[in-house]
Each structure stands twice: as C-alpha cells, then as structure tokens.
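Chains here go by letter, A, B, C, D and E, matching the order in which they are written, and residues are numbered from 1 within each.
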C-alpha cells in the first residue's frame, strides 16, 4: 500500500521558493523510488500543505492532516516550526494512541531537537548546526592563516546556536584563534549592513562565521564586497534558494559553505538526479536531504513489511531507528540514540563553473560549489544528551 | 435671451429625503434677488444645488448653457461665486492665503456681456473693502471672529470675479454696524454689474437690498415678485415667512 | 576616529536612502492625507521595472522609465479607486492601499517569479568615489545621495508656497469649498498621487540594486518609512528628511556599539546579581541586551517619545484650531 | 452674591491682545447679556471661562472657587455649561441620545457599565423633559446632523441645560433664525434660565432688551459698561461704540 | 449610521446563534471541523474586542495584537504553572488570567495612547505594536525566542471526566467563553459608557463640555477592549497550546483590522462575519489555490470600494430595501433584480477566478495544483479552449452587469 506524507512547509510568501523547491525534490525522488520499487510494492507520495512559515498555521495543519489520515509529516524550513511540531506531535500521539504521527525533519537544524527536546517520533535527516559547526571548525582549524574570527548571526535560536557552537569548538581546536567580535542582528529587518562590515573591519578579523540565510546573508556579503572587506565568510546557507543569485560575483572565493552533499561532488546517481530534476523543474536540486529521507524510509518500509503484512507507521519508525543507506556513494545511517542522521559533510567554495570539477552552477549564475574538504560521518558526529522515551 | 441663471423644475435630495420639489426662477444680469423662506425651507439647499454639491434633478442653465450635473469647480469657473452658510473658511491657512485661493488659477471666467465692462477685483480692493482683513492678513483664519470670518468668505468669493454671487445668510451673527457696512458692500458689488442671489433672514435687510423676491415653501417657489407686491401681500408673508 | 568617520558616512548615505524611500509617502500623506500602505509595493515595482528596462535598453532608461510607469499606475489608482473613496475618509483609503499591496505583490511574482533577480549596479557607476582611510565610498552611494537631494528640491517646489500647494492644503480640510472656488481639486490630487508613486518607483529603481530585488523587499522596507514620516511630522518635508537622517545615524552608531545596560549598571550592581540570579525573569536578558541588538527598536522608541511629547512631529504644523 | 466673577482676565495670543483685563460679575438668578461688535472678544471670553483657552492672567471664580487652569470637564462639573456659536453636536447620534449624553453626568450615571442606559431612570427622564421643552419630539430619533440649522441650535441649547448647571453661557443663541424661530427661542431661553444665572452673547437687540436683566458691552477686549438696559441705552459711550444705529435695522 | 436591533429581536437572534454554536460541534465532529469552529470563535472574540475600539469609540489601533498576544503568553505561562502544580487553578479559567494580562498591559500602554485620538493614536499604537513585537525577540526567557512557549492543557486530575485533552472538550470550553464575551460586549454597548464611547467618537470636545473627560473615556474603553483581546489570546493558547511571538506581530494587528472592517460595524455581529471570513480564507483558501493572497487583496479592495459599510452594511441596506419593497409590494421586482445581479456577479467571478487560476498554472507550471473543475468541465492552462471559455464567462458577466446598471437608470 501507499504511505502518504504531508509536507508542512511554506508554499506562499517569502519562503515559498524554499518550500516549493523541497516539495518538488520530494516528488521527484518519490517518483523515482516508486518506479524503481525501492520499497517493493509499497509506494510513497507527498502532498503539500502551506504553513506560511507560521507556527500556529503549522499546528492547525497538523490537526488537519491528522484528520485526513496522514501518519507521516515532514518539515524543514525553520526550527521554530520544527520545535513546535515535535511538541504538538508528542501530545497528539499521547492523546490518540493507534493514530501516531511521525515527523521526518529535512532541514530544521536546531540541535535541541535531537538533544533536550528529542522525541521518538522525530527523525532528522539534515545535519544539525552543531555537527556542521564541528566540521566547519575542523576545516578552519587546519587553515593557519585564520587568526581572528568574527561571529555574526540573526538574533534567534538558530543564530545563537551557531555562535555558541563556534566559540566552543574553536576554543577547543585552535585556542590561539581569538573571537574578535560577536553580533546578533534582528532577523530580516537590517537594510544596510555596512555598519556591521565597518565593525568587522575595525576588529581586523580575517574570517567571518555566520548562520544567516536569505536576504540577511546576501546583503551581508554584498556589503562586505562593497567595502572591500578581505575576510572569508563561512556560511551555512549560502546555497539556500535566492542567496546565490543575490550575492553573485560578490561572493567568489570569499564565501565558503558547510553542508551536506552538493551536485559537484562526483556521484553518477547524484548527477543523474540533479540533471533530471533540472530538466523537469527548471530548478536546482539543492535539498539533497530529501533523497536521504526517502531512501531510508523505503528501506525501513521494506524491513517493517517483512515483520507484518500491513504497514504500521510505528513499526516503520522502529525500523527507521537504525537504518543505513548509501548516500551518493558514502554510507550514512540514522543514529538510534537521538534520531539524528549521520552523514558526510562537505566544506565548499563559491567559484566559477569549469566543465571539470565544477559542472553544476546554481540558479544559472554560472557559479557553483567546489568541495574543499569532505568530512566522514564520524568526524562531525556529536555526543547527545537525549534520553528517548520509546512507546 | 438675457437670463443669467435659470432654474426649471429643480429637485434636490439628501439621500432619501426630498428637499427641493420643483423650484423655478431665473436671475437677470446685475440684479439682486432675495431668496426667502422659513428655516428648513430649503434655501441653502437651493444654493448648494446650483453649485452642484447636492444630488439634483431638473435643469439649471447659466448664460444659456446647461450647468446642472457639472462638477462644482466647472460651475465656479463658469463665473458663479458662493458664500456658504457656514463660512467654510480654511481654518489652518492665513487670511491672505484664503484670499489668494479665491483667485482662480489661470482660468478666465466665461466672457458674458457684463464681464468686459466690469472692474476686476484685486487683492487690494478686498483689503480696502475690509480693512480688518488687512490687519489680520497673516493670522490663521480659524481664529477670526464670526464676523471677520464672514467678511473673509465674502472677499474670497469676490476675488473670483463672479458674474453671479450666491450668498447664504451673510449677516448671521454680525453686529449692526458691520451689517450696515455689508449693505454698502453689496451696493458696490451690485454697481460693478454682479448679480446676487441672497438668502437672508432679516426681512428688512432683504427689502433694502433686493430688486426681486422669491419665497420658498415646502421646497417650491411660492412667490416671485417685486418689493411692492411682497409688501402689499400681507397674507402671503403671514403664510410663508411668519406663522 | 576612522571608525567614527566611516560610520558617519554610512549613516548619512543610509539616511538619504531612507529619505528616498519615504519621500513619496510624505508627499502623498501630507497632501492627500492618504496613508498609502502600497507605497513600499510601488517601490518594489520600481525596482523590478528598473531591472527589466535596464536589461532591455540599459540602466539609464530603466531609471527613467520605471518611475514614469509607477507614476502612471499611481494616477490610475487615484483616478479610478481612491477618488471615489476619498469621501469615506482615511480608513477606507488606507485599507484599499493595504489590499493593493497584496495584489501588487502577487502580480510582481506572476511577472518576475518568486526568486530574487540579479539587478546589478551598472558598470558606469561601479567603483569607488573616494576612500576614507581603507574603506571605499562607492560612486553609487554618492549617486544615490545626489538623487535623494534632488528629490528634496523637487518636492520643495511642489509642497512649497506655490498656489497648487495652497489649493491642496485647503482641499485637505474642505475639498468641497475649494472646488466651489473653481479649482479642479480631483485632477491635482491625481497628479500628487502619481508623483508620490513615481518617487517610490525611482527609489526602487535606484535602491533595488543597492539592496536585494526580491518579492520580500516591500515587506522589508515595511514600517520604518512610516516611522520616518510620522517622526518628521505630517506634512513636513524637512521634518521627514531630518527624521530619516536621525534614524539612520542612530541605528548605525547603535549597531556598532557593544554597550549594554549591564555595563552601565555594573558599578551599582553586586557581582552575583548582575550575573544570572535574575535570569529567570527576562531581566538578565534586559541587562545583557547590547545596544547593537536594541538598534531595531530604537526608531519606535523615539517615535513613541515623540508622539507623546510632541504629537505633531519634529516639524509638523499643529492643525487643530478651535 | 455672585455666581461667576471675572477679575482682570487677560488673553493674548501671539501679539494679538484679545482680552485686555475683563472684569465682570454674574449675579445669582440674573440674565446678563454680553454685546459688542464682532471681534470684540465675546466668544474668546466664553472660551476662557469654560476652559477651552487658558487666560494669560487674571482670575475667574465660579461660586467663589477659582477655575483658572482647570480642564473644561472639571469646570463643567463645577456647575457651568455653555453652548457654542456654531453648533457643536454629536452629529451621528440621535437627538435623544445627544440629550442623554448631556444629562448623564449630573444624573450620576457617568461611566456606568453595569447597567443599561434605558434603566437609568433619571437620565431618561431628564432627556424626555428637555425634548418636550425644545419640542423636538417628532425629531426624537433623527440624527442630529440632519436637523436644520435652527433645530440644531435649539438642541445645542437643550444640551447645555440638560446638565442642570446653574450657570449657563449661551453664544449667539438666535443667530441665523427668523422672527418666529427667534421668538420661540426667546421663550425657550426664558424657561431654561428660570432660577439659573445666564450669560449670553447676542447681536439681536430685540432679544437682548427683551431678555436681559443687565447688559455688558464689550469693545476690543474690554467691558466698557455693564448696567440695566435703560441705562445702557442712554450711555453715550455705548451709543458711540455700538448702538449708534441698531434702530436702523 | 448605526443600526440597533429592537431588544426582542436581539434576544431571539442571541438565542438562535448560541444554539447553533452549541450544536455545531455535534454536527461536525471531525477534528478539522472542530479546529475550524474553534478558530472562528477565537477570532470572533478578538474582532469584537477590536470593534469596541474601532466601531464604538472610533479609535483605530494598529497594534491590537499586542494585547491578545501578551494574553496568550500569560495563558501559556499560567498553564505551565498549573501543570507544575505551583498554581492550583482550573484550566477553564486560564482565559480569565489572559484577559487580566491584557487588561494590565492595556492600562499600561493605554495610559500613553489614550492621551491622543485620531491619527496620533493610531501611530502610537503602531509604535507600541512594533516595539513590543521587536522587544519580545529580546527576551527569550519569557517569549521563548521564535520557538515560542508551549504548554500542556491536560494537567491535574480530570474534573467530571473532562481533561480538555480531546479537541471537542476544548471547543466547547471556547464556545462558552465566546458566548460569554459576546454577551458582555453587547451589553456594554447598551450601557451609558457605551453611549458615551460613541459620543467621544463623534465629538470629543463637546463631550468634555458636558463634564466628561474624553481621555478617561478612551482609557476605559481601551481597558475593556484589551481585556477581551487578552481573553481571545488566552483561548488561542488553550487551543494551540503554544504562544509565539507572531501572536504579537503587526500582521495579526493588520488582519484583525481588515477583517473587522470587512465584517462591518453596521451590525453588532458584523465583526464576527469578518472573523468567519478570515478563518475561511486562511484555512481553506490557501489550501485550494496558490493565488489566495491575490484574492485576499482583491477582496479588500472590492469591499472598501463597493461595500464601505462592510458585509453587515450590505445586509442592513438590503434588508431595508426588502422592507421597502414589501411596503410598496414590489418584492417580486426586487427579487428578480437581485437574482439577475447575483447571476451576473456569479458569471463574472467564476470567469475571473478561472482566468486567474489558469494564469497561475501557466506561469508556475512546476508548482503542484489541483485541477480546475467547474460544473464538471475541466480547465487546463495548456488548451486554449479553457482560456477562451473563461474569457467568455468573464465577458458575459461584465456585459450583464453593465446592461443591468443601464436598465436601472
């Protein structure tokens, strides 16, 4: 039979591009999975529900989809919604036994979701911000030219988490690096970043770490270019929809990205998917966690279906707990203790496309990501404080 | 035909309420006509109707062309001046600015037979006519006294060089000797070949000024005649003016 | 010193940009009494148009045509919608423009898509005008500054003691009477509204490439421009100019200072208290708050103080007369 | 004993000196008419007394209590009420509601939110009484904005007495009315001012001389005379300043 | 002009409405339906409280969400205290706590804003709104950052077997609160205070000269309004079990303003109509069409231009028309006319809607849409016939409307 998954992400408003892109990726991969029978006879389908990037909207949607008999939801744009969903789903499952809902997280990366707030019903397929920071700092630690680091971020949990982790890990790996400044600016309301850049220059920093996304990141980089700041930006979301276009040349060789797999890492399957997606949707296949999720889910479904004929979501959840997949050539696995997916991470650089090792550009800018270093799963993996209550 | 203004079968409404029910009269150039009637008879409404600021039916001709249904600025540009009941001076502009607004921006009023041989009103004339305004020319008009505001309103509409002045209750709240002044002013205006349609409560004033008298009752013209006719017709006065 | 100078410079240029954004709004608000919520949308539209036309014929054409088109649109809006609403008073007009903002956003997305577009600064205006110590001041920022000042001048012509200005001021309170004096009020209103929207469009065409041109940009400009015009005082150009400068400088310097209430009070507080005992109630949050983080709320704080202390703004003229 | 006492009240706005030391006493139960050419400062005086404008110097006593610098509502609560030269009503409320609002404070049901208005017997009764007094019954539920000028003024007066103040200021009550209306208004004023003290500005001399016990003449911000009608009529100064030609009209 | 029910009619309608509300959950007991009903109730309370300012007192507030939002936060904190056991308070009274919080902040901020009226007031409220919203982000300990503060309404022992776990129980609780609040507010409009409020709206100065302090009046009404807004916030907290900073956002304030206006102040229940519309829009519309924001905007523009009194205004005028028609026994003609108009409008709208939908499908082919089906006819952006037919519908509608209006004159 078929597993219906409700995608609760912004399909309208400023975040619509992000939401739509992921939703299409889901559909694309799901088609592939269903045609290639990854889960045997069972099929996976995705339906979009527009949460307008709002928490309450998402919660009402959760009620709606529960009504419509969905047992799986996925979400990934915004930890705010993510945290709320975990909470609501815990309550729902406790109040409606036999109708449990499982939350597959494809991109909300607040570490709490797999630590203090961890839940059996939540599985995260994106690396959380601590893991990314682990890899990022390891990369920076190796770079002896980095002496002074400046932290700037949006003033909300995600930004704060990034700053916190950066300080802690750098202190551990390169005590000699000094944090010359730290700024948390209001989210999506700064119009002119030059004062911040001015501050950064004054601090004499040679590297800037930021968890910014969307306009806040683009403007930051543009301002840096304009006041020719000579420091590199180490970012989380330079590849998130809209930013590449906005930063364009301004970011060449200055902007580094920590993230999961991107199409310029060689992988036959990966390239095929990327191309196929581009042809079908005239858009980049950027949120690759969708692949990881569906692959894992399919595997879990096959396992679960072996145990019993009908697919019980709870069984699938249990199966999902220790599933392992091949993620474009590197093994990746779900960690049972906190339901945090363990996967390889890549630090890459924003460069011009050259038909060889940089074949795919982003948003038709003629610029793309070139891997500087790949980190095997174990490098980035973090200890967890999660005490999971299993049903 | 030498009619300046002509109303035939004019109706006026405020939303549902039907105020004017078929008003007919005409005004010849350079004549002063007094529009009388009880409170609520619809005199002000009649003036508003002419200025096109209330919903009307029926025809209004000015200098032979139809002006009913036109936006009021066109009616004004055609050469009709209006001094409303509540003087409608611009409270937060200075007196001088108020007067300046009276002068039409680069629009020459329709040349009617009188328009040529009429001595045009300038700012200075207004000041000579009402010295008090010159004194206060820089104060905010809103703080003028009732009387001063009345004068301002009058002067303002004169500066538009109208051929026909519609004046609503000019002497309301004015002290006697100001009223005397006003009478003289009206005479001068009359001399200068401007016709006046005057709504006035004080019958004796109207009698002093007007050449012809029109009485509105129940939203209709119930009398239209000369001073003598009016004075002789006690019965009519009883019925439509007193009680 | 260097730090200060550069900040000052940034502040000023940001202030001019702000003024540019709010200029049209001031014009419309002060003369027609319409709180045009769609102003930011016209600004966005200007940016997109600027992008498209500079793609077609080059930047300068874009700069020329974008404002013209937005102005025409504005006139249409005034002529066929707002004019009828004027009698119903401010709230109606305000809500209409509110709805208009929604619609314009959708239309822009229909035409140009939902993603940011690469609207770049023309090569002619690339490069630096001069450098203060090590940091360059780009030609483009200079260009923006000049334009903003030009706007100021232009609007003085309109708002200033011209007869038209008078007519409009009077029409604000008694349109009926002004018409009765033979002035074509409706047409003048239409022009003004058009002009306002045109200015918004211009701001967009100029600011769009300095900032990011994307569907979110209208919302991004958001309420700050309202703060500017209210702070400046309704109907006062110089006021809104000063206000934008004030806000800009204030934010710029606030952003770059790491002072926090805690630092201020440290001397008076006993160490442990200062640390985290008060943590449970956001008090510690308040204490540890850095000025740089308060920057976004500063304009509103000023706004409130202003409205309470001097309700008619910096330069606004008090219009209540008994 | 006097209800209202003005002592050297001055008002200057900018350079304009509008009131130059006004001295005036309103005795209990008398009707005092304030006359004077336009711009003499009569309305301004009313504004100053009722707290609409603050006087630059001088003292104002309402029943022995100084009311200088009090806000209007405080002064009103102290037993004063005024009407306005250009009527000033709640135009979107019905005539009856206008009167209710006017009656409420005195009836002691101000700011009441625990009982229905229709249950506030005193308010309703007062409103009804005034309504019949003004004989606007047939207009009872029309919106005040749609009344004729005359009716509006009548309502205006009604509202200023509904509060049952014992010191009433009327600004040109009969302005813009024809004889009949004026006569009605005069009877109305007689009725309402019975047992109260009344200070009114009026240009219509018939009215003034018919109603007033005393007449104060104001010229250029000063009271040049304040006396019984006869004496005023014969007062040369007043003759010169004001009454010279009232008989003409 | 305001339209007052005769009292008896009021009673009848009150009873019927409450009856309907109380029966609704039994009729539609799916979670989604309950969720829908509940949200309508919550928004209605909010809208009514807002109308207490806008319609009654003539104060246009741009920051009313502040009070409902703060109410919501108070509620969740209260709920947490309760489940911790530090407070012993029945869950059903949480909205009261929220209301008091609203009242408190209403009084606090109102003390500043009630000084002024008109535009200045609006601007102050805007400033306060922005301030509180931006400020909330700075105190994660209270407002829980952008994640918000969540709570659990199921706590302590179930009373009479009511744990408020199941949706239906909460729905009923909220319905009861809604009826209470609505009743109170309606009563308020009949009291002297209510009358004075509309007087201060009309002419504050005159009120001062009748012995009342306009500022105090505004302040009182603000307090009431904020209290009820707080209750609304509390109800939403009970329903969602979370309060986030976007409860405080300008967006909220804006939308409540818009929908209250659309509902119209001509009837007491006008704002409720607005609330219903708001929920329908946000729950259903965004689910079935990507163009929902376009429709929303258009709706505002159309309402403001053609029904300035809002929906309720339309109802009132129409009912008056009917009464008149009956009076002059021209009812049949009226019915005929209104039917004709309705038909024309229906044609026009369906045409327009289909066109818009087609446009979106044509422009954003990659997005996932339901397919358009009207009376069994399928439309798709690919084949021109659907475009053509849509155009025809549209044109027909316009033509009909025009000819109708001509015939009217």
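To be clear about the criterion, contacts are C-beta pairs under 8 Å (C-beta built on N, C-alpha and C of every residue); 3 or more make two chains touch, one makes a residue touch a chain.
All of these numbers come straight from a predicted model, not from anything done at the bench.
Q: Using the touch definition from the top, list the chains contacting both chain C and chain D.
A: Looking at chain D and chain C together, the chains touching each of them are B, E.
Q: Which chains sit in contact with both members of the pair chain A and chain E?
A: Both-contact set = C.
Q: Return the distance between the CA-based centres of chain A and chain C, expressed in whole Å.
A: Here chain A and chain C have centroids separated by 35 Å.
Q: Using mean C-alpha positions as chain centres, tell me how far chain B is from chain E in Å, no decimals.
A: 50
Q: Could you grab the centroid distance between chain D and chain E? Build each centroid from C-alpha atoms only and quote it in angstrom.
A: 45
Q: At what distance in angstrom does the C-alpha mean of chain D lie from that of chain A?
A: 76
Q: Could you say which residues in chain D touch two or more other chains, in rising order?
A: Chain D, residues with two or more chain partners: 52.
Q: Return the residues of chain A touching two or more other chains; collapse runs of consecutive numbers into ranges.
A: 20, 155, 186
Q: If I count partner chains per residue in chain B, which residues reach a count of at least 2?
A: If we look for residues of chain B contacting two or more partner chains, we find 143.
Q: Would you mind writing out the residues of chain D in touch with chain E in their complex?
A: Touching chain E: residues 50, 52, 71-73, 76-77, 81-82, 84, 88-93, 97, 100-102, 104-106, 109-118, 120, 123, 143, 159, 163 of chain D.
Q: Under the stated contact criterion, what part of chain E meets chain A in this complex?
A: The touching residues are 30-32, 35, 39, 134, 137-138, 140, 145-148, 150, 152, 154, 165-167, 236, 240-242, 244, 246-247, 282-283, 286-287, 290, 292-293, 366-368.
Q: Write out the stretch or stretches of chain C touching chain B in their complex.
A: Its residues touching chain B are 163-164, 166-167, 169-170, 173-174, 176-186, 317, 319, 321-322.
Q: Quick one: in the complex, what on chain C touches chain A?
A: On the chain C side, the touching residues are 2-3, 6-7, 10-11, 14, 17, 114-118, 120, 134-136, 138, 211-212, 214-216, 219-222, 224, 251-252, 255-256, 292-293, 295-296.
Q: Under the definition above, what is the set of chain B residues touching chain D in their complex?
A: 14, 17, 38-40, 44, 85-86, 132, 139, 143-148, 169, 172-180, 201-205, 241-243
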